[in-house]
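As structure tokens, here come the structures.
Same chain, two partners: subunit A is paired with subunit B first, then with subunit C.
The block that comes next holds the complex of A and B.
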């Protein structure tokens, strides 16, 4: 249910989301600067304002990146985090802006007003590329910033549609490369100049948190995948016993089954059973974790909708997903292993009155 | 399961938020805010953004301008100097990442009145972005071996240095560090000294030493930037030193005190462009340590500086 992509769709929820986001960041930067000034005043040695701001914006971007990277796995672990997900892109763009301010201020303080162009200075100031300890940490930051730029520039649904979801998704997986680069940037940079071990501990905690959350989510996913494996092999008619019974599925909800490596969402609604591809056309969201709302399968991530009978978004929208034939044997659900092309109308299986429950 | 139970709540950003989600967010968002506040209040404490380096305000000096090994000014000290050095030496730089202006350098070898921003850390001080004008050498002052021949006063017998009133002493413990309008006049008029001799090249050799430390730029480290050292600051220090700001070699002695050495090659020239790859790293320098009044200089061929 993409509503064109002429402009960003502003909803009230989005506005509230953005206000909270900006407020939190403003508070962070303000507090960082104020606390730094206060520490300096106590010792009667004022810190250097520009350098403090470089640290404030840089650390704000890094902390925000941790939040951004946490949202995905947190949503896999608990769907109550989903309200943080739908507008995560604004968080990403905001993080890019913070990182850019950090970079611009750095360029201005450390590289400008010298005998070289600041950009040139940035690259030739330190060229110890083959020495790990002396490695120019700036370069890690620059590459990460470029990745964020690519992501921010293509964050709009216009690019999602034009690049196609898989390419867009792959591009946006670059965030993990950028995170690794930033850990390098901070470790080879700030951690070597600010020798307080707690700073290292803080970066370490952040890493353990991000990696740990992703592992936990992956484990959970793997477990669900194992559980969702279809029990049987395709019979002569091409149907596979899913192992799911009508009674297993909550009304207007789905069970996900993996049939020959493909995830299929089997929905129950209005006394009917329908099966569609589990993969949302928008950003590969898990449709089987969605719900039927107003007669449409609704994606849990950003709310795109599809009709269960034909896998097509209601007009005027044009997204389509593959559909599957369904057959019931008593309570047991069988699904044909080979899907119909996206948008094909399929007759849902009617649940005999006796097994509704 | 009852379809209306909270368990079955389903969130869509374009529809009213189900109660269970709302309740969850009402807890989550304050926790996020508190977390952010805690991080913002905590991080500045573990960044090394404070040190004793200080910008002391603009001050005026009168003394002999010297170009080598690094541009500096030799200022007669006030008060009793019987048992100490008679002069203070302040290293010079421009306000940006460059050495002191050519206009000032052209006055090398002459007695000047100089006004500039003083930056200091512990016993090391630098005058940043000074303006200077040549003035008459005070009576009784004899300059020998000026590094520039423009004002070559005939040399005379070196004599013990004498007390001389001078412009205010920047080493004095000024607590009002940032008073911006510290445009003080040269303090009391210089008392007529009996006679003093200044020889910019007259140093005392303290012997050969092997020193371990870090090369930094002489402007950022004393206080223009904080921390102004180490890897994060490396590129900046390289720009500064290649721009002509004197390189300073910081060495920690056994008692944890920092000693500041300027660097000269075996010919007594500045080493700036030859030390750039070593800036900000731990290095070892073996050479003769010279003391020129209160300024320490290591004399060694920069090719022999070794990264540790």
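The block that comes next holds the complex of A and C.
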């Protein structure tokens, strides 16, 4: 929750998350350089130079991107991974920093000694765009870096609030294009000159893992969307039968149904049933996968909270989500197909004593 | 996520599942069939002046060509031939650096017709150059940038490095 614009709010959890992140990256880069130096000494290769550091930072960014891209679909497939999502943006910004170091060192080593500006040299040094083996893979990396820059620059909640979550989310979906470009950057770059099967297999496994996870999550979501109820299914009073019964919902939890393509979270708590939009105002997280904590629906992604009766965040916070009228017929739950405007108070349906439990 | 974003994600995942494996396979199928770092390339490196095997150093000096400092060693490459090996102390940030020998006692500001090309330099790599017989009488080592067509610096050939 937020009250307008606020600077970054550091919490103990975020600090621990960041310390682990930075320590893991530092260890990776240290091991990469140390092992390279050791192997280089055995093979009589000159001491570690910038080329090794370029690979250390570049591979660290690429590995971290795989971790980042795995978190979203893993959370869709299993809620045990949700804690990783909490501070994912810090991972993203860190990955951008690593990629920038990689790019800066590359420019410095391979393009700074010429009689052209290094940036110009980068783009005109190789123009074999129609030759796969000699493709200027650096261009893929630079375009991906620009996408990451745009994402890192707009990563703060200030931009999320001002752009609105749907636009912000659409912008940040550029990460898929960036990932595809980076796979091109690596396969048309490093894999062309380094024929070590270990590197090829590692890149291949990473790609299959990320694409497989996203495909599995996307198919699961599409299956749920196909079960969408239509406004046309509503009865004369505007209610649709959700197919969910009171007994289907665990106390303080929700079941998600889709009405006309948009998802509705039906919560059970304190002997009542309430329905709200499944879309969190913050980052459009799935509220129906959260639970009721201290009387508030709590988003599983970043902990934004809403009162189930009116879809409003408790004061002093100002976020609001649409609410739905709910009706019970015995154990069966009916929800009005047309939502109320965000923040509208509705009377939750009381669960008859015979249905409790 | 709202429906529109879910659909974007759905199509993005399908597009990635089709395009990326194809790209990966194509990059492996059409990748060049030569090893970039095999021993077969040693001869090419040697021909370009890179030092691929160590030789006994007869004398060692620090020389300055303009603002660039080099470690210079005179080495015995055969019973009858000596050469000098140059290693820049810092990375050379010069477009296409070349090393020339030029006669005379003064550092030249431009390359004369009597300057003799010894070879190319690169970064901090150790490069070997065979000096011409004319260098027995001294002369200048000249650092020239082919990229910018200018003399970057020059310095006298020390007595201990003369052939």
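Going forward, the second predicted complex is superposed on the first by the 340 of 357 C-alpha atoms of A that agree within 3 Å, B and C clash if a C-alpha of one lies under 4 Å from a C-alpha of the other, contacts with A are read in each partner's own complex, and residues count from 1 in each chain.
Basically, a contact is a pair of C-beta atoms (placed from the backbone, for glycine too) under 8 Å apart; a residue touches a chain by one contact, two chains touch by 3 or more.
Here the structure is a predicted model, which is why all the values come from computation and not from measurement.
Since both structures carry subunit A, what do subunit B and subunit C do when superposed there: clash or fit?
Subunit B and subunit C clash in the superposed model.
On the A-aligned overlay, A:114 touches which partner chain: subunit B = first, subunit C = second, or both, or neither?
Both: A:114 reaches subunit B and subunit C.
I'd like to know which partner A:242 touches here: subunit B for first, subunit C for second, both or neither.
Touch partners of A:242: none, neither subunit B nor subunit C.
Quick one: is A:203 in contact with subunit B, with subunit C, with both, or with neither? Answer first, second, both or neither.
second
May I ask you to decide whether A:188 touches subunit B, subunit C, both, or neither, giving the answer as first, second, both or neither?
In the superposition, A:188 contacts both subunit B and subunit C.
Between subunit B and subunit C, which one contacts more residues of subunit A in the superposed model?
Touching more residues of subunit A than the other partner does is B.
Who does A:122 touch here: subunit B (first), subunit C (second), both, or neither?
First partner only.
Could you say whether A:262 touches subunit B, subunit C, both of them, or neither, answering first, second, both or neither?
second
Running through the overlay: 3-11, 57-65 or 273-281 are the candidate stretches of subunit B; which one clashes with subunit C?
Among 3-11, 57-65 or 273-281, only one stretch of subunit B overlaps subunit C, namely 57-65.
Of all the subunit A residues, which ones make contact with subunit B and with subunit C?
46, 109, 113-115, 188, 192-195.
Quick check on the complex: what are the subunit B residues that touch subunit A?
Per the touch definition, subunit B meets subunit A at residues 1, 3, 8, 10-15, 17, 20-21, 24-25, 28-29, 32-33, 36-37, 39-41, 43-54, 96-98, 175, 177-178, 224-227, 229-236, 238-240, 242-243, 281.
Which positions of subunit A touch subunit B when the two form their complex?
Spelled out, the residues of subunit A in touch with subunit B are 11, 13-14, 20, 24, 27-29, 31-32, 35-36, 39-40, 43-48, 51-52, 55, 59, 63, 67, 79-83, 86-87, 109-111, 113-116, 121-122, 125-126, 134, 136-138, 188-190, 192-196, 198-199, 202, 250-253, 290-291, 293, 298, 300, 302-303.
For the complex, which residues does subunit A have touching subunit C?
46, 49, 109, 112-115, 132-133, 166, 169-170, 173, 176, 179-180, 183-184, 187-188, 191-195, 200, 203-204, 207-208, 210-212, 214-215, 217-219, 221-222, 225, 261-263, 279, 284, 286
Spell out the residues on subunit C that touch subunit A in their complex, using ranges where they run on.
1-6, 8-10, 12-14, 16-17, 19-21, 23-24, 26-28, 30-32, 35-36, 91-96, 123-125, 145, 147-148
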